[in-house]
Every structure is written in structure tokens, then in C-alpha cells.
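So, here come the structures, one by one.
Okay, so chain A shows up in both of these, paired with chain B first and chain C after.
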Partner chain A sequence: MALPPNVSQAAFDAALRAWRGAVGADWVFTRDEDVALYRDAYSPFWGEPEEKVASAAVAPQTLEQVQAVVRTANEHRIPLYAISTGRNLAYGGSAPVLSGSVVLDLKRMNRVLELNERNAYALVEPGVSYFDLYDAIQKAGLDVWIDPPDPGWGSVIGNALDGGGGWTASPFRDHFGSHCGMEVVLANGEVVRTGMGALPNGKSWQHNKWGYGPWVDGLFRQGNMGVVTKMGFYLMPRPEVLCTSIVQVFEQEHVVPLLDVLNLLENQHVVNGSTQLFNGAFGPPGTGARPVWTAQVPIYGPEKVVQAQMEYCREKFARVPNCRFTMGEIFRTPLDAATLGRVRKVNFGVPDLSTFAMLGRTQASPDPAGGHIGFSPIIPRTGEAVLEYLAFYRENLAQVSEGGKLNFLGPVFMTNWERTMVAMIMFPIGRDKAMNARMRAAFERWVELAAARGWAEYRAPAAFQDLCAQTYSFNDHSLRRFRETIKDAVDPNGILSPGRYGVWPRAFRNR
Partner chain B sequence: MRRLSLFLPIAAVLAAPAGLAADAAPSGKAVYEHWCAPCHAPGPGHPGTQSLQVKYGGRTPAVLLERKDLTPQAIAAFVRTGVLSMPPFRKTEVTDADLAALSRYIADTAAGR
Partner chain C sequence: MADRREFLQYAMASAVPLGAAVSLDAAASARGVAPTNASAIPHVVVDARHGESLAFGADLARGGATVHRLADGDATDLWQSTLAPAWRSAPVPVAGLTRAPALFILEQLGWMHGLRVVHHVEHVLMREGRAVHRVLRALDSALASHALAQPGPAWPAHLAALVARSAPDESASRPGPTAAGLLPTLPPGAQLLTSWIIAPA
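On to the complex of A and B.
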């Protein structure tokens, strides 16, 4: 068993004894084979000395147990790394950012504390997955939807805190943005409730997210200022229908007016679904009948309203040169089983794991790497920016891909959040250390090249969180230094998730 | 919206654990349905089944519950070490008792018991 950094054997033994007393011996894991279960299955450093691994894990089931575990860690200055369901694959999974940290595994805190149909919200603990929340809603017979991300086994809280997004309507697709109130254990063990939750006998914790005074919830997004033990989330009243139309243009530069119209429609909240943008820029030239750009235009809502909104969309897209608008099928909800079997379930609020098919064996790829990581810079949501990014990608592709020998995939343009365009590049990661090293080098190169053009990552694998944080360097890293000031104030011993998203406490800053 | 919600406080405080019951004797069927079926059930949309179809080419069933050759040791190895995109499962997710119940359920189902 490895020791946490800067911790003596005696201090670690004392902490383990205290944790066993607090949560029960069965839920403190120190044997190598148990701790190995916390390795990041998609680690780009798998099996190498730099792989980020835990020293132990402790799994509380209640708020009071979390407080006890944190107080003990603070007393002995042992770094903890909090995970919720630990399914944050491609972003670190259940492994810590700082090797040797003790994983604070919150999976056993799996209660759906409240479901409210009238005001459409849920209050959950960190171990509740999207599958769990969906099942609880079905069991209660409530007429509300969740917004699932691609993998349904992820934590509702964990995904929101990591900055994840989903596939139904705005604003629910922005998982952090659609939360309302949280409960947090600070490094000294104290419990804080945010927003209206700070009011004793408050009755509107999940009704108003702002509360009174400076809003602090953002400190816990991609952060390490506390351990979040409860969060409220807005749910979506089941929409009558979903209709997804398709718009296509046939010239490269027509992505500019296409996105202008799409942006207008989304910013008017006429289009509320997830409008993805697909390009055929690396296929045959965009002449003839083959579209160069395709966007989907999904609208959720009452059928009569959606019909009218779609007509409005058709009129607006008519101003785009040579634009083909194909009206989509109207899906009336709830879907029957046969219909659900032929659609992408997550677009209908039903969690699944079908996305993993892209990582599994196929006839074309019978021996895949298995894992992946992604570089996902935010670029402006304009056609000009999309074209600039495409040109940038082409200019650098040969060099970064070693003349085409590295099979990373990109760019994939995603519009999961309002007013946002993500231009993702995906890298296969497996058990071939030499290939992983080349993929890491390519990842790092793309980060550097993109930062030089003013584009940077919204969310990063644990191995690259420092690298990506360093690109946000305005005014001599003043934002990072500000966060460090807060971190040192609220967690002076630096015990909570050191290094997460590039925020290092004083104790480890010069490691 | 259903009329019910106009009159009753649907703000039901549930406070019930989601997923599997933590303290009850584990049901192999429940473990399978919660942790395995999303990837390994029959039919499209199940990436584990799709991947195993390619791997075995029909020589061995791709559907988990049709496998008669999986020993408890093999099942434990896959659950605790993972393979390709399937990650390992921690003991806070699938306990050792869950794993034993799962192995029995897969063996019994494949044998038609």
C-alpha cells in the first residue's frame, strides 16, 4: 500500500483507524486489488510511472460520515479526492489528480431525496446516476424528464460539477447551469448550503438558485473548494413532441449564413434542442448534391407550437443560399417501445450506454484501443470561426499526426450549450504505452497550437488539467492566482482534491 | 399535466436509495439488469453485445445470458478488471456478494434453470 504524499505511516494508520470507525471497516479499501479498482481505465499513462493512482479509498454513506472523514483527513493532512459515481471516463474516471490521494468514494450516497413534479425539480446525492434518477421518476409515475448525457451510469451531480452536458432541450442540457442549490462539506468538516438553502426552515432551496449575496456555487464547478453532498436540479416537464428537421448547405462558406440563422433561432428560443453541426469537409468536394454542412434543428414542445416554430425556421433558413430544409418526423411522447428502439434514446430523456459502441469492436475496427480522451476547445459560434478552425486543423494535421500515422478523429463540432461551439478532437487510448505516448504528444500539441489562436479547452482529462489551465494565462495567470488565494483560505491544509482543474493548494504548489 | 398534481403535493420526500437495495440479500437478476444489461442485453443499442458479435462471429453467443461457458472466476475477472472500453467495477458499485449472485444468475439463466 502506497502512502499519500507528505504523510507518515503513523499518521496514515491513525487516519485509517478513524475512517474505519466512522464508515465501517468494509468501506475503507487498502488492499492493492481493491485500490486498483479506482484506476482510470482510460488513463493515457496506463501502466506507466506517471499514471495517477490512489493510495486507498473510503466510502461514506451519510453526510455525517463525510464530515467525519474530511475532519480526519484535515487533522492528518491527507489529500482526499472526491468522486461521485466514478464514471467520468476520459476525464480521469475514479482516479485522483494527485497520485497517492485517498479517493473519497461517494457512490454509496445514492438517495433521491426529493422529486417534485409541480415545480419540476429533483434533489439528489452524488451517487445517484442518470439511470437511478430516471428509474425513480418512472417508479413515482411523474411526468418529467431528465437530461441524460451520453453515458447513463454517470452521476447527476458529478457530471454537472465536471461541466458536462446532455441531449434534450435547453436550458436542461447545461447540467451545471440547470442546478439549483447545493450542500457542501468544507475542508474543516463544516456544512454549507447555498442559495435559499442557507435559510433555516427555508422552503425554496430548489426554487431559486441565487439566494442572497455573492453566489458561490461556481467555486465547486471543476473545483476543489468542498465536497458536494447534495444538489438540486431542474427537470423538464415532458414535452408533447420532439421534431428534428435537417438543414443542409452545399458550399463550404455557406456555413456562415447557416450558423447565423441557427444562432438567431436558438437565441430567440425558437429552437431549443441540441443542434449539432456535421461537416463533410474531408470527404469529396462539396459540389453537386452532396451537402458540405448539415445541421439538425430539434424543437421540443406542444405539437401546435412546434409546428408553427418549425414553419418559422423553414422561412428563416430560406434566406441561406441553396439551403435544403427537410422537415422532420413528429415524435409524440411518451414513445412506445418500438419507436424508442429506433431513436437516439438520450434525445428523449432516456439514459443508456449506446455511445460506447463507438469504442467497441466493429467490422471496420476489430481491434480497437478501447478508451479515448478528447481535446474540446471552445470556439466562437460563427461560421467564420468554424472555417478558421477547419483551416487550422488542416494546416497542422500532417505535422501533429506524424504524417497521418496517428488516427485521432476530428474536428467534431458540437453545440451542446447555448451560444457555444465545441470543436472536439478525439484520441484513442489503450494499453499500448508507445502509442499512448504519441497520442499524448499530439494532444499536447493541439492544446498549444489552439491556445496560440485563442481557443482553449472547456474540460480536460486529469492528466492534462494543468496543461489546459495554463492556457488561461491572461495577466500573468491572474485567474489561477485568484483561485489559489481562495483555495488556501478555505482549505489551508490543501486536503480536498489537490490539483483538480489546475488548482493546487499551497502545500502542493511547488511539488 | 395530470390533474393529480394540482391537488396533491407531489413533492414526495423519497429518501430511498436508488439503484440496488444496499442491505437486502443481493438478487443476481437485479445486479444483471442494473449493471450488465445496458451493454450486454440482446438487440441493437447494446455496445457490449455488438462488440462481442464482431469478436466471436457467431461461434460463441454474443448475448451474456446465453453464455454457458462463463465460470464465476471469468465473470469476476471481467467485472473487476474490465476489458477494452468496459471499465472495472468498484466494490461500492458491485459488492463481492453482488458478484457471486450475478454469477449464479448468469449460469442459471444460460442453463435454462
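On to the complex of A and C.
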């Protein structure tokens, strides 16, 4: 068993005794084979000395137990790394950013505390997965949808706090954006409720997210200022139908008017689904001449309204030169089992794990890539930005990929959020350490090259969170310094997830 | 992507003495391993895209196991409809011969129920038709190597016989995670199948 950094054996032993007393001996893990389960399954340092690993893990089941664990950690100055279900694969999984941290595993806190159909919200604990929430809604017979990411085995809270997104309608597919109210344990063990939750016996915690005074919820997104133990989420009333039409253009530069129209329709909230943009070979099968660009036009809503909205879309896309608009099938919900078997389930609010069987599969490579890490820069959602990013990618591909020897997958243009895109490039990670080292070097190069052009990641693997944080350097890193000031104030001993998303407490800042 | 050197390294890691091609019964008997029946592992998962996998499942079905076919490698429905309810009641063992992603997700889902991967063997299907096997973890590694040293296309049957003999023992040492999420480098045109047993440990 490894020791946490800067912690004596005596102090660690005392903490472990206290944690066993607080949560039960069965829920404090110190054996190597148990702690190893918290390794990042896609670690780009797998099996190398630099791999980020935990020293132990503790799994409380109640708010009071979380408070006790945190207080003990504070007393002995032991770094904790909080996870919900630990399935943030490709972005670090359940492994800590600071090796030797003790994983604070919240997956036993798995209660769906409230489901409300009339105002469409849920209140959940961190161990509730998208499958769990979906099952609870089904069992209760409620007419609301969740918005699962792909895959759906992760925590609803964890995905939102990591900045994840899903595949149904806006605004629900912005998972942090669609939350409403939090309960948080601070580093000193104190409990805070945000928004209307700060009102004793308040009646609108999951109805109004803003409350009164400065809004602090954002401190806990990709953050390390507290441990979130409850969180509310808006749910989507089941739409009557989903219709996904397809628009295609056949000249590279026609992506500019294509996205102008698509943006207009989205910003008008006429198109509310996840549009996605496919380039060339990455697109779905075309009909006839091969399109250069293909976009989805998904609309959720009442059938009569969707029909009219789709007709409006068709008229608007007629402005785009040589644009082919193909009306999509109308899917009336709820889907029967046969129909569900032929659609992408996550678009219908149904969690799924099929991405593992499909990810990275191409004609040339029928087996999925397995491990991977994602380079996920945000770019504006304009045709000019897309063309600039593609040109940038092609300019640098030969050099960064060692003349094509490194098989990146991408770029894939994802539109989980309005007004921007994630221009993702995926890097396969395998068991070949030398190849992984080359992939890491390539990842770092892309980060540097993209930052020089004004693009930076919205989310990063644990191994690269510092690197990506460094690119947000306006005014001599004033944002980072501001976050550090807050961190030092609310967590003076630096025990909560040190280093997460590049925010290091004073105790580890000059490590 | 693999060059000849990488391929040879992989093959050597899998090497089993040629003289080991004796019957599994004899090998097991010599090692004092009593035969068991397949009901010790009530659920078996196969990938319907691979004849080897289907043959493996058919052999175990004859011993009483329930065989679950994955049409496209996706284990979501199997987990939701069968394994999750079963594991909530009791952590029953499950075996499979699938592509790696099915093991990857079922291994992690099993952890929550006290289950671990106790058998993990990779089978590289070479472009020219033969298979190369690599025992990464087995209840009896020597017996596993013996079983898979049998030359020719009958290896799924030998593997099924091996799995049928495997009686997971909760008192055995508890293994850590596999590296199923990270694929080995394969020779050009090769495909990877993985055999596994997830059991209480």
C-alpha cells in the first residue's frame, strides 16, 4: 500500500482507523488488488511509473459519513479524490490527478431522492447512474425523459460536474446547464446547499437554480472546492415525436451557408436536437452523389408542430446553394422495442453501452480501438471556423502523426452545446508503452498548436489537465490565480482533489 | 501496424511446448483436477459474428449453461435484462468468448457485485486462419496452456472443456483489474477474441 504524499505512516494509519469507524471496515479499501480497481482503464501511462494511482479508497453511504471522512482527511492533511461512479473514461476514469490521493468513492450513495413529473425534475445522489435514473422513472411510470451521454453507465452528477453532454434536445443535453441546485460538503465538513436550497424548508430548490446573491454552483464544475452529495436536474417531458431530417452540400465552402442556416434555426429554437456535422467519409451513407458535408436536423416536439417546423427548415435551407434536404422519418414516442432496436437509443433518452462495441470502428479497422483519449477543443459554430480548423488539422497532421504512423480518429464535429462545436480528435491508447508515449507527445503538440490558434479544450484527460489549464493564460494566468485564491480560502489544507483541472492548492502548488 | 518483430514477441509470449498436445482429461488428471460440469458457470456469452465463439457456446450449452448471443458485440441488453438482475440476487459466475469490449464493460459492472475476472485469455485469429493464444490469467494457468496447445481449428472446443472444468473458488486470491480496455498490437489482418470468466472472488 502506497502512502499519500507528505503523509506519515502513523497519520495514515490513524485516518484509516477513523474512516473504518465512520463507514465500516468493509468500505475502506487498502489491499492492492482492490485499490487497483480505481486505475484509469484508458490511462495513457498504463503500467508506467507516471501512471496516476490511488493509495486507498473509502466509500461512504450517507452525507454524514462523507462529512466524517472529509473531517478526518482535513485533520491528517490527506488528499482525497472524489468520484461518483468513476466512469469518466477517456478523461481520467476513477484515478486521481495527484498520485497517492485516497479515492472518495461515492457510488454507494445511489438514491433517487425525488422524481417530479409535473415540473419535470429529479434530485439524485452521486452514485445514481443514467441507467438507475432511467429505471426509476420507468418504474414510477412517469412521462419524462433523461438525457443520457454515450455511454450511459456513468453518474448523472459526475457527468454534469465533468462538463459532459448528451444527445436529446437543448437545453437538456447540456448536463451542467440543466442542473438545478446542489448540496456540497466543504473541506471542513460543513454542508452547503446552493440556490433556493439555502432557504430552510425551501419549496423550490429544484425549480429555481439562481436563488439569491452570487451564484456559486460553477465553482464545483470541473472543480475541487467541495464534494457534491446531491444535485437536482431538469428532465425533459416526453416529446410526442422526433423527426431527424438530413441536409447535405456538395462543395467544401458551402458549409458556411449551411451552418448559418442551421445556427439560425437553432438559435430560434426551431431545431432543438443535436445537429452533428459530418465531413466526407465520416458522414452517414448518402444518396446519389457524395456530399462533402452532412448535417442532422433533429426536432423534438408535438407532431403537428414538428411537421410545420420541418417545412420551415426546408424553406430556409433552400437558400443554401445546391443543398439537398431529405425529410426524416417521424418517430412517435414511446418507441416499441423493434423500433428502439434500429435507432440510436440515446437520442430517445434511453441509456446504452453500445458505443464500446462501435467506437472507432471503420471499414479499414473493424475492431474498435479500445482505449483512447480525447482532444476536445471548442471552436465557434461557423462554417469559417470549421474550414479553418480542417485546414489547421491538415497542415499539421503529417508532422504530428509522424507521417501518418499515428492513427488519430477525427476530427469529429460534436454539437452538444449551442453556438459552439467540439472538434474532437481521438488518440488510441493500447498496451504498447512506446506507442502510448508517442500518442502523448502528439496530444501535447495538438494542445499547443491549437492554443496558438485560439482554440482550447473544454475537458481533458487527467494526465493533461495541467497542460490544458495553462493554455487559458490571459493576463498572466489571472483566472488560474483567482481560482487558486478561492481554493486556498475554502480548502486551506488542500485535501479536496488537488490538481483537478489544473487547480492546485498551496500545499502542492510547487510540487 | 505491427511489424514482424512485434508479431514474434506476441507469439513468443503465447508459446506453449509442442509436446503439450495431450488430452485435457489426462492433463487435468495428472494435476489432480477433478472434472466439473458447465453448470458451475450458468451463463455463457458468445459473439454471433464469430464461428469460434458460437462453437464454444454450443459446447457449454450441452453441459447445461445458458448461452447468450451478442449480435453486434454490444452487451447492454444482456446486462440489463439478465446479468444485472442475476447479480443483484447473487454474484453468479459468467463466462464468455467475445471481442474485448464485452469483457471490458462486464468486468467493471461486475466489480459492484464482488465479481472479478478470474480467467482472461486472448485468442488472436490470424489472417491465414490459425489462432495464437495468450493466457493472461487463469484458474489453472498450466491447464489452460495445455488446453490451448491443441493444434488446429478445434481450439474453441478445448477452451469450452477448460471453462467447464473451471470451478471458481471464492477463497482464492482476489485478482485486480485486467487491461481489457487496452488492446494489444495485432499483426495485420488479425482479429482479437477474448475468453473470460467473471466470478466471485
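The definition used in the following text is that the second predicted complex is superposed on the first by the 492 of 511 C-alpha atoms of A that agree within 3 Å, B and C clash if a C-alpha of one lies under 4 Å from a C-alpha of the other, contacts with A are read in each partner's own complex, and residues count from 1 in each chain.
Basically, contacts are C-beta pairs under 8 Å (C-beta built on N, C-alpha and C of every residue); 3 or more make two chains touch, one makes a residue touch a chain.
Bear in mind the structure is a predicted one, so any value in this text is a computation, not a measurement.
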| item | value |
| --- | --- |
| Superposed partners chain B and chain C on chain A - clash or fit | clash |
| Partner chain(s) touched by A:445 [first = chain B, second = chain C, both, neither] | neither |
| Contacts of A:113 with chain B and chain C, given as first, second, both or neither | first |
| First (chain B), second (chain C), both or neither touched by A:128 | first |
| Touching partner for A:509 - first (chain B), second (chain C), both, neither | neither |
| Partner chain(s) touched by A:407 [first = chain B, second = chain C, both, neither] | second |
| First, second, both or neither for A:429, with chain B first and chain C second | second |
| Chain A residues touched - chain C or chain B, whichever exceeds | B |
| Partner chain in contact with A:37 - chain B first, chain C second, else both or neither | both |
| Partner chain(s) touched by A:207 [first = chain B, second = chain C, both, neither] | neither |
| Contacts of A:477 with chain B and chain C, given as first, second, both or neither | neither |
| Footprint overlap on chain A, where chain B in one structure and chain C in the other make contact | 33-34, 36-37, 39, 41-42, 87, 89, 107, 131, 153, 352-354, 356-357, 359, 366, 368, 370-371 |
| Parts of chain B lying in touch with chain A, wherever the complex brings them together | 1-2, 5, 9-19, 22, 34, 38-39, 43-48, 50-52, 54-55, 80, 82-93 |
| Residue numbers on chain A that touch chain C, as the complex places them | 31-34, 36-37, 39, 41-42, 46-47, 87, 89, 107, 131, 151, 153, 352-354, 356-359, 366-371, 405, 407, 429-432, 435 |
| Touching residues on chain A, where the partner in the complex is chain B | 27, 29, 33-34, 36-39, 41-42, 57, 59, 61, 85-87, 89, 93-94, 105, 107-108, 110-119, 127-129, 131-133, 135-136, 140, 142-143, 152-153, 237, 341, 345, 352-357, 359-363, 366, 368, 370-371 |
| Residues of chain C touching chain A in the complex | 1, 6, 70, 72-76, 79-80, 99-102, 104-105, 108-109, 111-112, 173-177, 179-185, 191-192 |
